[in-house]
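Chain nomenclature is as follows: A, B, C, D, E, F, G, H, I and J, assigned in order of appearance, with residue numbering initiated at 1 for each chain independently.
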Amino acid sequence: MKTIFIMVKCDLGKAYDVAAEAVENVEHVSEVYSISGKYDLMMKCYLSDEQDIGHFVNEQIQTLPGIKDTFTMITFKAFN
Amino acid sequence: MKTIFIMVKCDLGKAYDVAAEAVENVEHVSEVYSISGKYDLMMKCYLSDEQDIGHFVNEQIQTLPGIKDTFTMITFKAFN
Amino acid sequence: MKTIFIMVKCDLGKAYDVAAEAVENVEHVSEVYSISGKYDLMMKCYLSDEQDIGHFVNEQIQTLPGIKDTFTMITFKAFN
Amino acid sequence: MKTIFIMVKCDLGKAYDVAAEAVENVEHVSEVYSISGKYDLMMKCYLSDEQDIGHFVNEQIQTLPGIKDTFTMITFKAFN
Amino acid sequence: MKTIFIMVKCDLGKAYDVAAEAVENVEHVSEVYSISGKYDLMMKCYLSDEQDIGHFVNEQIQTLPGIKDTFTMITFKAFN
Amino acid sequence: MKTIFIMVKCDLGKAYDVAAEAVENVEHVSEVYSISGKYDLMMKCYLSDEQDIGHFVNEQIQTLPGIKDTFTMITFKAFN
Amino acid sequence: MKTIFIMVKCDLGKAYDVAAEAVENVEHVSEVYSISGKYDLMMKCYLSDEQDIGHFVNEQIQTLPGIKDTFTMITFKAFN
Amino acid sequence: MKTIFIMVKCDLGKAYDVAAEAVENVEHVSEVYSISGKYDLMMKCYLSDEQDIGHFVNEQIQTLPGIKDTFTMITFKAFN
Amino acid sequence: MKTIFIMVKCDLGKAYDVAAEAVENVEHVSEVYSISGKYDLMMKCYLSDEQDIGHFVNEQIQTLPGIKDTFTMITFKAFN
Amino acid sequence: MKTIFIMVKCDLGKAYDVAAEAVENVEHVSEVYSISGKYDLMMKCYLSDEQDIGHFVNEQIQTLPGIKDTFTMITFKAFN
């Protein structure tokens, strides 16, 4: 299992539609936060070890209506 | 009660219309300043503790006509 | 009367000392907020119309112990 | 309860010491991830509603040995 | 009397039209320079003490045809 | 005659000493402004057509005590 | 033989089409990676010593459908 | 005689057309290089001492078809 | 097997020592390139699927003498 | 033969010493310009086709006393 974070900039006024859509309909999206700063949302996703992260971001996230830009951060290890 | 600042970039020549509209018609916007630098306006808003900041920025501010981009800063504590 | 905002980056772990010192001992500093993002503090100051903003930032703020960098925003008009 | 993310840049070679120290000894730090990009770590923290985020970042995180810089993101709402 | 500088990015090939228009027809614009770097023009303006800088930039400058972006710098004191 | 602008970042609390020193003792510096934003000062200098701008910035400005960084803008034409 | 890396930003959701197209149909593209961060793809290309890198990037890469921006890095020496 | 460098960003796939056009048809353009990094071209131009650099960049370069953005660097002295 | 790229900024004049050291003595570093732009080196590393990328960057790369900063890019899929 | 440009940031007040030293004592440096903007110097160098650019920048340029940072641009083709 691997954890990734995707910061998302949305069309003006569309962030909450994007968030609801992602959490409801996109498998592997576990939590979506609306956040401070220049991005609107941060999505936390769990992918299985064989899954291709780039394919997931490209096909499942970037194609959601209302998204303008994405920035992907990969985590390597969780300390908890 | 919590205080947030939203820096706003407007369509060229629209900053004062946006400012007037926000102060008159958007609840929780307490003051709007026109400012130096690359943004046109800084909005100071007071939200109740239960209110969702992201929802407010997304639905009440980003949907005002004449806004191009927003940057949200959250305050944690006021010393005064 | 004019209102300015000064965003302040502090030495690590010193932001609350700087904030307390500024609010208590620096005249014209009306509120100090700790904030999200890359700066630690935002200071709101009221200066009289004859006061020199640059002199104030340079002599009263930048000389506080624990400050690393400042960014000054001037407001032109308050809508409220 | 509120959730914040703190991105952390560490002294070279110190990121895993910082991560271990934060998870073990700093209350409210729930997970620490080592991440891709220009920061070394992302810390996810849960604070109670009355807790002051700025005080926590300033006193509990920025004072950990081996930290060089922090960037704080506040979440407003979790969709999950 | 107060002095402000406005750096201006113009539509490609329009900088000299903008400059001529600003100097001829916009009161308070005292000098316009074409400059090196990423902006095309720097405008120096003198406003009376009661004039609202933001209103001037928004209504008099940003509405000139051929302007794409502006960045405003306020001066506090002139040493000369 | 040619006009150049030099934006100057000073050591904390030293901007007004630098400004006074530059105006008094550096030939060709005609005006120095303290300014909003991330730089502390903007210097306007008039050089004769044969003078070497780089030599002037390097030898006359960057060597003033209290200066940390400079950014030079050249003007090509003055409309006035 | 010389090795270059081209970082590529694609239209939303088009990165994998671009990658497949580049690897299959563009000679000299040896590997394409989908990557973390703000770019979508990194392409590694081998060109012969007489080949013009700029011509290759301009004619072979930037003309692929679905590409929005490119950033080219040249390698000088391979240690391996 | 003075030497200036203009870095140029072109429409995708148009850099070599712009380069050829500039070298052939724009007087004062002495060399055009395709370059690594985020810009596509660097143009080296020699202007006579009385020529207005801003006018040249604005009228002769920015109006070439296929140009998206320019960044101008002025040289002060050549050591050679 | 997974592939990562690490861009490295070195102390002035130390890039080739760092490169030689990394290729010779650090397991998993397969190629090191000196590159154009603001970084000095790009390292390509192959790690086994169970290896922790963050631990590797932190313990094996950032501790090499002569390194000043690192930026890590993770690849998800190789098209070739 | 290949042409490269190196933009150089120097210690305050040292740019002209660096320029003179580079032109006099470093083979392959053909011209050095002092320039506007945030860098102090631009060096134009001609290297033979077999020469390693990274080695040259690292050993011959970055080791000159008074240099703080370098940014290297490679040219691919000269139109002239």
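For this structure, a couple of remarks:
To be clear about the criterion, a residue touches a chain if its C-beta (ideal position, glycine included) is under 8 Å from a C-beta of that chain, and two chains touch if they have at least 3 such contacts.
A quick note: this is a predicted structure, and the numbers were derived from the prediction, not measured.
Shared contact partners of chain E and chain G, listed by label: H, J.
Farthest chain from chain D, judged by C-alpha centroids: H. More C-beta pairs touch across one of H-I and E-H than the other; that pair is E-H. If you average the CA atoms of chain D and of chain E, the two centres end up 43 Å from each other.
Between the CA-based centres of chain F and chain J the separation comes to 26 Å, rounded to the whole angstrom. Chain D and chain J have Cα centroids lying 41 Å from one another. Centroid to centroid, with C-alpha atoms defining each point, chain G and chain I lie 20 Å apart. In chain F, the residues that reach two or more other chains under the touch definition are 34-37, 52-55, 73-74, 76-77. The complete set of chain-chain contacts reads A-B, A-C, A-D, A-G, A-I, B-C, B-D, B-E, B-F, C-D, C-E, C-F, D-G, D-I, E-F, E-H, E-J, F-H, F-J, G-H, G-I, G-J, H-I, H-J, I-J.
Contacts from chain F toward chain H in the complex involve residues 49, 52-55, 74, 76-77. Chain G meets chain D in the complex at residues 36-37.
Contact residues on chain C toward chain B in their complex (touch as defined above): 3, 5, 19-20, 22-23, 30-37, 42, 72-80.
Those residues of chain J lying in contact with chain I across their complex are 52-55, 57-59, 62-63, 67-68, 70-74.
Across the complex, chain C is touched by residues 12-16, 34-38, 40 of chain F.
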